[in-house]
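Shared between the two complexes below is subunit A, which has subunit B as its partner in the first and subunit C in the second.
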Partner chain A sequence: MKYLMYARSEFIRGFRYRANYWATVISAVALAVIQWYLWHAAYTDKDLIAGLSLDQVLAYTLIGRVAAGFLTAPTAALRIGSRVRTGAIVHDMVKPVDLHTQLLWQGLGRAGFSFVATGLPLLLAMAALGVLEIPSPGRLLLFLISLLMAYVTVFSTSFLSGVFTFYTKTAVGVDYVYTVVSLLSGEFLPLEFFPAWLRTAADYLPFKSMHYIPMAIWSGIAGPGEVVPSLISQCLWTLGMVAVSKMAWSGALKSLTVQGG
Partner chain B sequence: MPYDASPVIVASNLSRYFRVRLDGENLKDRIKRFIKPQYRVVKALDGVSFSISQGESVGYIGLNGAGKSTTIKLLCGVLVPTAGTVTVNGLEPYRHRTATARRIGLMMGQRTQLLWDLPVHESFNLLGKIYDIKPDVFKANVKRLQDVLDIGPLWHTPARMLSLGQKTRCDLALTFLHDPSVVFLDEPTIGLDVLARERIRDFINEEKRRGVTIFLASHDLDDLEIVADRVMLIHHGKLLFDGTQDQLRQLAGGPLVNLEETVKRFYREAELG
Partner chain C sequence: MGGMREPKLQESRLSSIWRHARLYYWYLRANWLSLWAYPVPFIMMNVAGIVYALGSVAAVWALFSKIHAIGDWTLPEVMLIYGLSIFSRSLFHLFWIELMNTSAMVKAGDIDRLLVRPLNPMYQLVAGYLDNDDWGELLTAVALVWTSLGMLGHRTVANVFWCLLASVSGSLIFASIHAVCNGMAFFTVETGGFSQLAWTTDEFSRYPADIYGKGVRALITWVIPVAFASFYPAQVILGEGRLRLIGLLSPVAAILSFAFAYWFWGKAMDKYQGVGN
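And then the complex of A and B:
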């Protein structure tokens, strides 16, 4: 499997940057600590907010911090448009590989490093301190499947946005659009906190699949009856986004304009 | 030189235009053109035709911006022609990018394809897998390239620690790893010292003898004088000359020994019309 080599290269690349690694660890710990105090403050006089308990929200946001590195790794695909235009990926384009698949696996290598090196230790530390409870094996397995699908959706969405910048000839603006995406994906808050109309909007958009669904499964926010339907909708969005981003890419390849040189 | 008569690269009326958005002269102009953009068409390559046979080595000369890199990108399938056609090994590169990619190699002197943070051997292992090179062929090719380019001692060094010369040798080896039938070299000796340049030329000549078709774009005319059997000269996107070095010297007005003087004279005359 030649694409596995791409993942491997990116994975072992992670070991090169020690300072970067420690900075990531410190930042991940700090963000988890912020979440802890923030939600304790919010729940001072309340048992439930938007129908969610403190434990559920903490589990949701803290596992979100654990998965953050894993799920931001594939956003590098946002740069695909500019990398094509500046000619930075000419070498990749003259290889007998599909660039979409190549970037998916490269991102997976980076995400894997981030998970093993930062996410997992953070998770284990929080579990040992009794801050974060690990769900039943069944739920854990479904969480992992959901997380992997979330990865693919984040990648495809980023890739699609990146292909779009290939036409607009500038990547400015994409980052801002992405802030809206993280609002609707539930990256900062469970979607329950939002007004009904925004939640309804989120139900009809792919962004829930990028963060909310796996974290809701882990934290129990998704009740026993909601897990399977959520996974099915996530699976459909994942396949849909992969198909759309691949189609957009082959369209872009047709009107290819690598510049520079 | 024993050429295979069948052409590997055929370009026919090959053209590539770029549309450049015009900037305004003053603020009013700028606002006007921001709302309603105006474009200028740049003809990077304008109706170029040529045919290259298997085993030939072609030097491709042109001033900065003459269309050299554009040509190489068109031949590799990274750019789509605006007009005209091109085939490499019988296939249109941009339509059959993957199939074309299996049989060509591209080396750019200004852009390394080494995995920057990883030891040199990781780059070779990666390409070995990508091109599906059989393990015994891979081993033999690596051994040969290590010996010829003296990169064995660099095998475990991270690419970012290599000197420019070492990096260039590794990049060249990577380009030839999968036994391509055609190799495009875009300024392979740029920035190198005299000894390093000589070494690169010797290597290219050696590959030429093994029957690889070489398409060499370079500003270093010594490279071409030594390596290229045939010279193509491109100017403002048009092919001005296509023939042997001797023919070029004759056209430029005399049997000068130095190719550089010949080419300079040629450009000056082209500018005068």
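And then the complex of A and C:
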């Protein structure tokens, strides 16, 4: 399948930068260390905060650090705005592939590299040290499915942001306020910590599919009865985001003006 | 090419420093005016920047909606430390960002341009550009520090001035870390990873340094001294005794770390070979 080749070549591309590699690993470890100490300090004189135990929150945030590279927004790599500005978009359009699908698979290759190269070693190290417990095979499988859908939502958000700049012709897109997306996705802390009104808002938005759902499945924050419903809602959001991306993209193509030639 | 050697002008060190300082005004002026060449995108970008900074502050706020303290630190205390951290970081980001360009300049052979001019090379690199996209974070930081001082009942003129001094000195600490990481470009050419690592270190300065274990705390005090960018200076306002004394020494720590970084950058630049033509 031709799109798989895109993913493969991006995956292999990751291996080019070796000095970068170690620095990335150290960064990932450092961020995990910060989370570990921060949550221990927050739980100094408490057993439960917002109904969650220290172990649950640690599992949630540490597996979040493991997945962080995999779920990094590919905003810069998409370069939709600059493809339009420079006119390079023309070359994308003459190829017998769908640009949206191509970028999705390329991004998956990059994300996959990041997961194998930094996420997995971090996960194994933490599991070996007993800091992070690996869940039962069933939950692990559901986590992986959920993580893949999370990637598609992350990608779609960046893609839609890119298409948005296509219409507005400004550089300011979602990536300029990405911390808000991260906050609402649960990347900074589990949604349970939010005040009620913010929690409600987060529940109605697609962003929790980007982080909260897979991490809640891994950490057991999502109880046995909640796993399947949250996977279904994540699945619906994922399909919805892909559909909206495709529609926005074909709409944008119709109004495309390439400057110069 | 010799590293950071000054050209052989008949000039004392003091008058050379004075000349650099006077010129810095003109650099700043030109840079500031060029930021306003396209005012609408500039303002939009930085309003978005405020939202961006508030997005991460909101995580701390949400946490404190459920707990009363992180370790021994209450919300206004954590806000002050967090505020000083992003204050220092944004000052570094705005005024020193071109350090990140070292690798690209080594690749393109552009360091030649710095070496033939009668000004200090690192100075030319840094003074030549003022960043456009972090003014929102700076405003957020000022608001955080101001509000937290008020909540603590410590909003005195002396404390406000101390926070300003501490942030400038904190920005010097971040500049030192980035100067060393990006100075690696003269040895390894590609520094993307080192540079990213330098950006990660500031995460350690966002929360009270005493929540970390002994090893990490020693690391961020003595090796990568980011604790002097936020936690220790905050102790001048919050703490007492020995901790407060260490806090007062933050500017000294900043100057020492920058002296080391400057020396390292100069040594590294001696390795520069140009790219031929």
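The rule is simple: the second predicted complex is superposed on the first by the 248 of 261 C-alpha atoms of A that agree within 3 Å, B and C clash if a C-alpha of one lies under 4 Å from a C-alpha of the other, contacts with A are read in each partner's own complex, and residues count from 1 in each chain.
Rule of thumb we're sticking to: a contact is a pair of C-beta atoms (placed from the backbone, for glycine too) under 8 Å apart; a residue touches a chain by one contact, two chains touch by 3 or more.
Source: prediction; values computed, not measured.
J.: After the match on subunit A, would you call subunit B and subunit C a fit or a clash?
T.: fit
J.: Output check: A:86 vs subunit B and subunit C. Expected answer is one of first, second, both, neither. What do you get?
T.: Neither: A:86 stays clear of subunit B and subunit C.
J.: Between subunit B and subunit C, whom does A:95 touch in the aligned arrangement: first, second, both, or neither?
T.: The answer is first: A:95 touches subunit B but not subunit C.
J.: Just subunit B (first), just subunit C (second), both, or neither: which does A:198 touch?
T.: A:198 contacts subunit C only, not subunit B.
J.: Which partner does A:176 contact after superposing on A: first (subunit B), second (subunit C), both, neither?
T.: Once the two structures are laid over each other on A, A:176 reaches subunit C alone.
J.: So, does A:233 touch the first partner subunit B, the second partner subunit C, both, or neither?
T.: Neither partner.
J.: Using the superposed model, determine the angle subunit B, subunit A, subunit C defined by their C-alpha centres, to the nearest 10 degrees.
T.: 90
J.: Now for A:188: first (subunit B), second (subunit C), both, or neither, which partner does it touch?
T.: In the superposed model, A:188 contacts subunit C only, not subunit B.
J.: Could you tell me if A:9 is touching subunit B, subunit C, both of them or neither one (first, second, both, neither)?
T.: first
J.: Return the chain, subunit B or subunit C, that is in touch with more residues of subunit A.
T.: So, of the two partners, C touches more residues of subunit A.
J.: Looking at the overlay, what does A:72 touch: subunit B (first), subunit C (second), both, or neither?
T.: neither
J.: What is the contact status of A:53 with respect to subunit B (first) and subunit C (second): first, second, both, or neither?
T.: neither
J.: Once you lay one complex on the other using chain A, what is the shortest C-alpha distance from subunit B to subunit C, in Å?
T.: Scanning every C-alpha pair, the shortest subunit B to subunit C distance is 7 Å.
J.: Which residues form the common part of the subunit A surface touched by subunit B and by subunit C?
T.: 17
J.: Looking at the complex, which residues from subunit B come into contact with subunit A?
T.: 18, 68-70, 72-73, 76-80, 94, 97-99, 101-102, 104, 106, 108, 111, 113, 115, 117-118, 122, 125-127, 129-132, 158, 186
J.: For subunit A, which residues are in contact with subunit C within the complex?
T.: On the subunit A side, the touching residues are 17, 19-24, 26-27, 30-31, 33-34, 37-38, 40-42, 44, 46, 49-50, 170-172, 176-180, 182-183, 188-189, 193-195, 198.
J.: Which bits of subunit C are touching subunit A when the two form their complex?
T.: 41, 44-45, 48-49, 51-56, 58-59, 62-63, 65-67, 69-71, 188, 190-194, 196-197, 200-201, 203-204, 207-208, 211-213, 216
J.: Which bits of subunit A are touching subunit B when the two form their complex?
T.: 2, 5-6, 9, 12-13, 16-17, 87-88, 90-91, 93-98, 253-261
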